[in-house]
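Letters A, B, C, D and E mark the chains as written, and numbering starts fresh at 1 in each.
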Amino acid sequence: MKDIINCAAYSGGYRIADIDLGNVHHALQEREQFVWIGLHEPAENILQQVQQEFDLHDLAIEDAHRAHQRPKIELYGDSVFIVIRTAQMNQEHHIEFGETHFFVGKNFIVSIRHGSSVSYTEVRSRCEAMPELLNKGQGFVLYAIMDFIVDKYLPVVQDMEHELVAIEEKIFKARPSRDTTEQIYQLKRELLEIKRAVSPLIEICNRLTRFDIKCISTETQPYFRDIYDHVIRINEMVDNTRELLNTALEANFSLISISQNDTSKKFAGWAAIIAVPTMVAGFWGMNFKFMPETEWQYGFHTVIAFTIVACVLLYYLFRRSRWL
Amino acid sequence: MKDIINCAAYSGGYRIADIDLGNVHHALQEREQFVWIGLHEPAENILQQVQQEFDLHDLAIEDAHRAHQRPKIELYGDSVFIVIRTAQMNQEHHIEFGETHFFVGKNFIVSIRHGSSVSYTEVRSRCEAMPELLNKGQGFVLYAIMDFIVDKYLPVVQDMEHELVAIEEKIFKARPSRDTTEQIYQLKRELLEIKRAVSPLIEICNRLTRFDIKCISTETQPYFRDIYDHVIRINEMVDNTRELLNTALEANFSLISISQNDTSKKFAGWAAIIAVPTMVAGFWGMNFKFMPETEWQYGFHTVIAFTIVACVLLYYLFRRSRWL
Amino acid sequence: MKDIINCAAYSGGYRIADIDLGNVHHALQEREQFVWIGLHEPAENILQQVQQEFDLHDLAIEDAHRAHQRPKIELYGDSVFIVIRTAQMNQEHHIEFGETHFFVGKNFIVSIRHGSSVSYTEVRSRCEAMPELLNKGQGFVLYAIMDFIVDKYLPVVQDMEHELVAIEEKIFKARPSRDTTEQIYQLKRELLEIKRAVSPLIEICNRLTRFDIKCISTETQPYFRDIYDHVIRINEMVDNTRELLNTALEANFSLISISQNDTSKKFAGWAAIIAVPTMVAGFWGMNFKFMPETEWQYGFHTVIAFTIVACVLLYYLFRRSRWL
Amino acid sequence: MKDIINCAAYSGGYRIADIDLGNVHHALQEREQFVWIGLHEPAENILQQVQQEFDLHDLAIEDAHRAHQRPKIELYGDSVFIVIRTAQMNQEHHIEFGETHFFVGKNFIVSIRHGSSVSYTEVRSRCEAMPELLNKGQGFVLYAIMDFIVDKYLPVVQDMEHELVAIEEKIFKARPSRDTTEQIYQLKRELLEIKRAVSPLIEICNRLTRFDIKCISTETQPYFRDIYDHVIRINEMVDNTRELLNTALEANFSLISISQNDTSKKFAGWAAIIAVPTMVAGFWGMNFKFMPETEWQYGFHTVIAFTIVACVLLYYLFRRSRWL
Amino acid sequence: MKDIINCAAYSGGYRIADIDLGNVHHALQEREQFVWIGLHEPAENILQQVQQEFDLHDLAIEDAHRAHQRPKIELYGDSVFIVIRTAQMNQEHHIEFGETHFFVGKNFIVSIRHGSSVSYTEVRSRCEAMPELLNKGQGFVLYAIMDFIVDKYLPVVQDMEHELVAIEEKIFKARPSRDTTEQIYQLKRELLEIKRAVSPLIEICNRLTRFDIKCISTETQPYFRDIYDHVIRINEMVDNTRELLNTALEANFSLISISQNDTSKKFAGWAAIIAVPTMVAGFWGMNFKFMPETEWQYGFHTVIAFTIVACVLLYYLFRRSRWL
């Protein structure tokens, strides 16, 4: 069954029972207990059941069904609806985005994964290994999954920083090429996409840290501040890379111009060197009756020798003034 | 009759009567009932009648008569005046803007359409099909129409994103052309216009969501937050496209320069190749008496063969160093 | 008399008496009555008289005497001092700026015009034609003049939008020229000046709309909100034009580069076409004894025919690859 | 004695006694009296004496001893420490910066000048000529000196505006040169320095105007608002000049490119004109036996005449299409 | 022992005892006394001991163990956790970053150094030399170390300002080169890194100055304001250098273009000068029967003399119009 990955009740930090979605309302009536449900691209009827069991708002359920939301946090009475985008590098070094939605209430948390993303069973087992922390309730579960998601952004952004370094290498070491420009553009595009996914997280973490949300115990606020910190750092890395990328684009442009200038100079230099013998040859090609040198035995060779010397001289002159 | 599209009283979520504009004040005295009027580019006398029936402020009526307003929300005592711009793509893929004005009061809502826009009768029938929601009053009607308007922006902005992709294709695949530059400029112009229409909506939705406005029930606030979300997303798409467009303009520029450099190199290369035989020919064109090779039987052919070999050699040299 | 344009007392919305500046303090003692004085570049002694009659602050009077102030609003006890810049297009399509200062108190308003500006007698007669509105007091008079001033900005800004369209036309249709670049620069200069005059108005209107200023009745606040709206719109138009202008400058630059590339290609193409016959001619100009073709009857004509064919061929090749 | 420029007690707006720094604490005990001390780059022991006499904070005294502070305002208990940068043009049209520090307390004001700056004895005598204003206490003295300092910025900034106009002149009228680019850069550097000195003044004036500072009577607040206004205006002039300068740099760049294009065209044009006779001459230089025209009496002259006509024709063609 | 640099108890401003980390909790029970511990890249077990002795939060200890944190300040109940980045120039003129973490509580301060940084024993001995200040408690110790760290940034940033001056020199005095562009880019990269380290310090100092933090006595707030001031100044220097660097990049680009234009002109000029004799020679190389001048005794010399004169003339013409 793909839709429901896991559905269990927790009390005192320990998993006390795996329950059926249809019996969740019984579990919810128990005090000192919370339910943690993990869904993956659930069918509409599953979502409707979830809505009924937890008494969720229509609009939130509607949002949870559609992917392609903006990351956001919304309060509906006592429960919170959170949308977060996930990111990971695929095999071809392209970013794949997914989405995870959370419903957090007085004694439950529901996570719904959409699109490309890693399963959270790893998070679940990690949480279950720390009962003293899991005992802080569904707020801690929310933290654990969000932390897991945000940590996955770091390698993605570092990958981009490495690509920037590769681009720098190409700009400053290799000759200018169309590919470098396109690569800069594509990296910028990806950075903007990451930025769109990460920057709303700042506001989300900020609200989880500062505002009083009933269903999340104040004890867990320092944990969300920790995520806040990571998000700020990732965001700064993205901004940094973006600014360097803009400068790289300009530097690339400067170097193209310099290289163009070098081309012009090289061309001009060789043109001059070739033009000289042509000019000299032209002179002795004139049909005057009286051109004394033409009578000489080694006139031809002298002229040739002379022009070769002139060309070599020119070559060294241009060389010295860096035209060649 | 073009001016008044529809004028009806609603109670408990159901349309209870179609009423005449002149009798609206009777309907307004009924409790638990609200009036929904839809106008389209109304004549001045119709607007004056509306003003009298609902006791609206002079300045708001003046504004409602003129199109070309900025999107805004204004409180006049207990009633609210809202201006929103509508957008849609016409057949020639150009954006057409329209305007819709709303008067929302204790128990009435008046919508006034100007310019190019779709009729809201579709919204009306959709609302009437959901009496439990329509029962929330005129605030829900306002939401329904605004949602309809904002949804119409999405295809427009997506159309622009597609145009950006087409421009990218041209920049990185095709040769640089005047058209691409103009296309970038025109797209930027359109994005600025969309931006001008969409960005004030953020503030409007924000106020409808957060502030306490008497004539809009707090129950409908989550609905406006939903619109707020859509507007933020559209706004982000516009900003994104704009930033990529700026980078595209610069990338285009870089590629023009690279292509210029290629032209220079190609020219220089061919010039050199042609200059060599000209120079060689010049030499044997000199009128010296003693030029041993000129006496040879196959001197001419040797020279020609030699120069052809030289040219081919040059061609390969230039080829290897990417000048040709 | 140039200094004092008009000086009258109003009560219940009607002008009740034209009074002498020296007798204003009598009029001020009457209740339910206010005095409206219009001055134009007044001499120092007139301003001193005004200061004494209305008991105004030294610094405000000092400011009112000097032109070239920044638009601002300042509270001095119960009275308000406002500076606004006026703008209009002169015959040569250049913007002329003027300044108007206002002193508004419990029962008086003084307007002082400096520099190029239209007389406000038109506003006065328009106000006198609406006694029910003029009855709102000196606050309404302030609104009426400010509205008049702000409305005069619209044609100025629209004129600039038209100039931008003219510049676009030149950039995308005509060849790049020094004039276009200078025109862009001059338009930017003017836009910055307009911006400097308009943007402080936002703050001024905002304060008149939101803050409680004793001498301006709260009834007139919606009117100032109306001006606020106009100012925001004009400000947006200026920003928009400015952003497009920046893009236009860059687009212009791109097109200059493309046109440079076209020049290079054209030159290279023709150079190649001319170089071929020169090279060919050089070959048969060599002084070898045995050059079989030189003996032919029609050798010369064959060679000429051949080179013409080669040149035409080259021309078509270049034409096809868009070098010519 | 260079350190202490002046040290006097004032009461009721009049200077009542010149006092010795060692006796200041006696004067401070008198009510309705304040002490005004002017120092210029004082030695450490003088500053220590001042600290003891007025009971000032260690950190403030430490700051007062060092120059190169950022403009700032700091409250230490009942007294205020203010740092302001001064600017003036020297003979070689370069800006020279200085610094003035103020200690203002319940009944004293100490000003300390560092670096290049004009003496404030002029301000002192001007204040003493207006006893009714000087009677407002040490707050007014602070205003008088700050006003004096801020007024000195205006000619400096206007000088920069004139330099911008000179740069514009060069860009649009003269040919592009390395000097213009360097001049733009240097002006930008100076603007940034002025900006660094002026912009913190906004915050300083704002705090003097709005916050309740015990040692500065509220009566003088409108005066600081006046300085605030001047600072805002100077700041705007700087920003304006900076933005125009950026545009000027880009416009300069565009014009360099246009001029480059003109160079290319001119070169191409003349190259073509010279290439034609060379080609023609080459043809009749071929060694064919049968070239009918070579036998003609005036063949040579005909060919020369023909090529001259061809060249003149080309010249006119290029002229018409603006290549020459 | 590398981990624990120093661990001592202070009372009344004097060091009263060097204590063992295991006995710290005894020292903490004494009133009017605080403990100051300095650690350097401590092992995990040392950190755990510190956590137990001072009862610190898990998350803070986790952060303290890892380097590469963002500078931040975090409150955990009564204690504060602060992360600050340190910077210094190494021998090869590259910036080396380190990190220092602080735990400040009611009567203790723990500093933990990571990476490249100078030891704080110098700060400790300086503090111990000023018992009246050290008596202000652990807040003053925090100030002393932070001041020490921030002061180390100044030479780093000044070094960058000098590098900018060196770059300017290269741009405006020397010929454009690939190196200058790369140097600009690398400097920008370093500035961004410094910026990332410095700018969060503004917020940290601001909070230490304004907010009420129990473990830091209000007496020390003016001291943190002093650091705040330094940080603002360093931050401004970085921003300034960055803006100038951007302009330098553009100016560099302009100069490359001008230099390109000069190259083109020089090339064109010499090409024209060489083309003239080639053309002339071509004419007398034609094989017409009747070319009168060819019969002259000194025809050849006349032609050569004539072309030399023409070339010299051309040279002067080009020289005058700055093409050569």
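By our rule, a residue touches a chain if its C-beta (ideal position, glycine included) is under 8 Å from a C-beta of that chain, and two chains touch if they have at least 3 such contacts.
This is a predicted model, so every value here is computed, not measured.
Engineer: Which chains does subunit B share as contact partners with subunit E?
Structural biologist: Chains in contact with subunit B as well as subunit E: A.
Engineer: To lay subunit B over its twin subunit D by CA atoms, how big a turn is needed, in degrees to the nearest 5?
Structural biologist: When the C-alpha atoms are superposed, subunit B turns by 145 degrees onto subunit D.
Engineer: With over half of the numbers shared counting as same, classify the subunit B/subunit C interface as same or different.
Structural biologist: Mostly different residues form this interface, as fewer than half of the numbers used are common to both chains.
Engineer: What whole-Å value do you get for the distance between subunit C and subunit D if each is reduced to the mean of its CA atoms?
Structural biologist: Here subunit C and subunit D have centroids separated by 26 Å.
Engineer: Compute the distance, rounded to whole Å, between the mean C-alpha positions of subunit A and subunit C.
Structural biologist: Distance between chain centres: 41 Å.
Engineer: For subunit E, which residues are shared contacts with two or more other chains?
Structural biologist: 250, 253, 257, 260, 264, 267, 271, 275, 278, 282, 285-287, 291
Engineer: Quick one: which bits of subunit A touch subunit E in the complex? Just the residue numbers, please.
Structural biologist: The contact residues of subunit A facing subunit E are 168, 172, 222-223, 225-226, 229, 232-233, 236, 240, 243-244, 247-248, 250-251, 253-255, 257-258, 260-261, 264-265, 267-268, 271-272, 275-276, 278-279, 282-283, 285-291, 322.
Engineer: If we count contacts the way the header does, which residues on subunit D are in touch with subunit E in the complex?
Structural biologist: Residues 57, 59, 63, 69-70, 72, 74, 76, 175-178, 181-182, 184-185, 188-189, 192, 196, 246, 249-250, 252-253, 256-257, 259-260, 263-264, 266-267, 270-271, 274-275, 277-278, 281-282, 284-287, 291, 293-300, 303-304.
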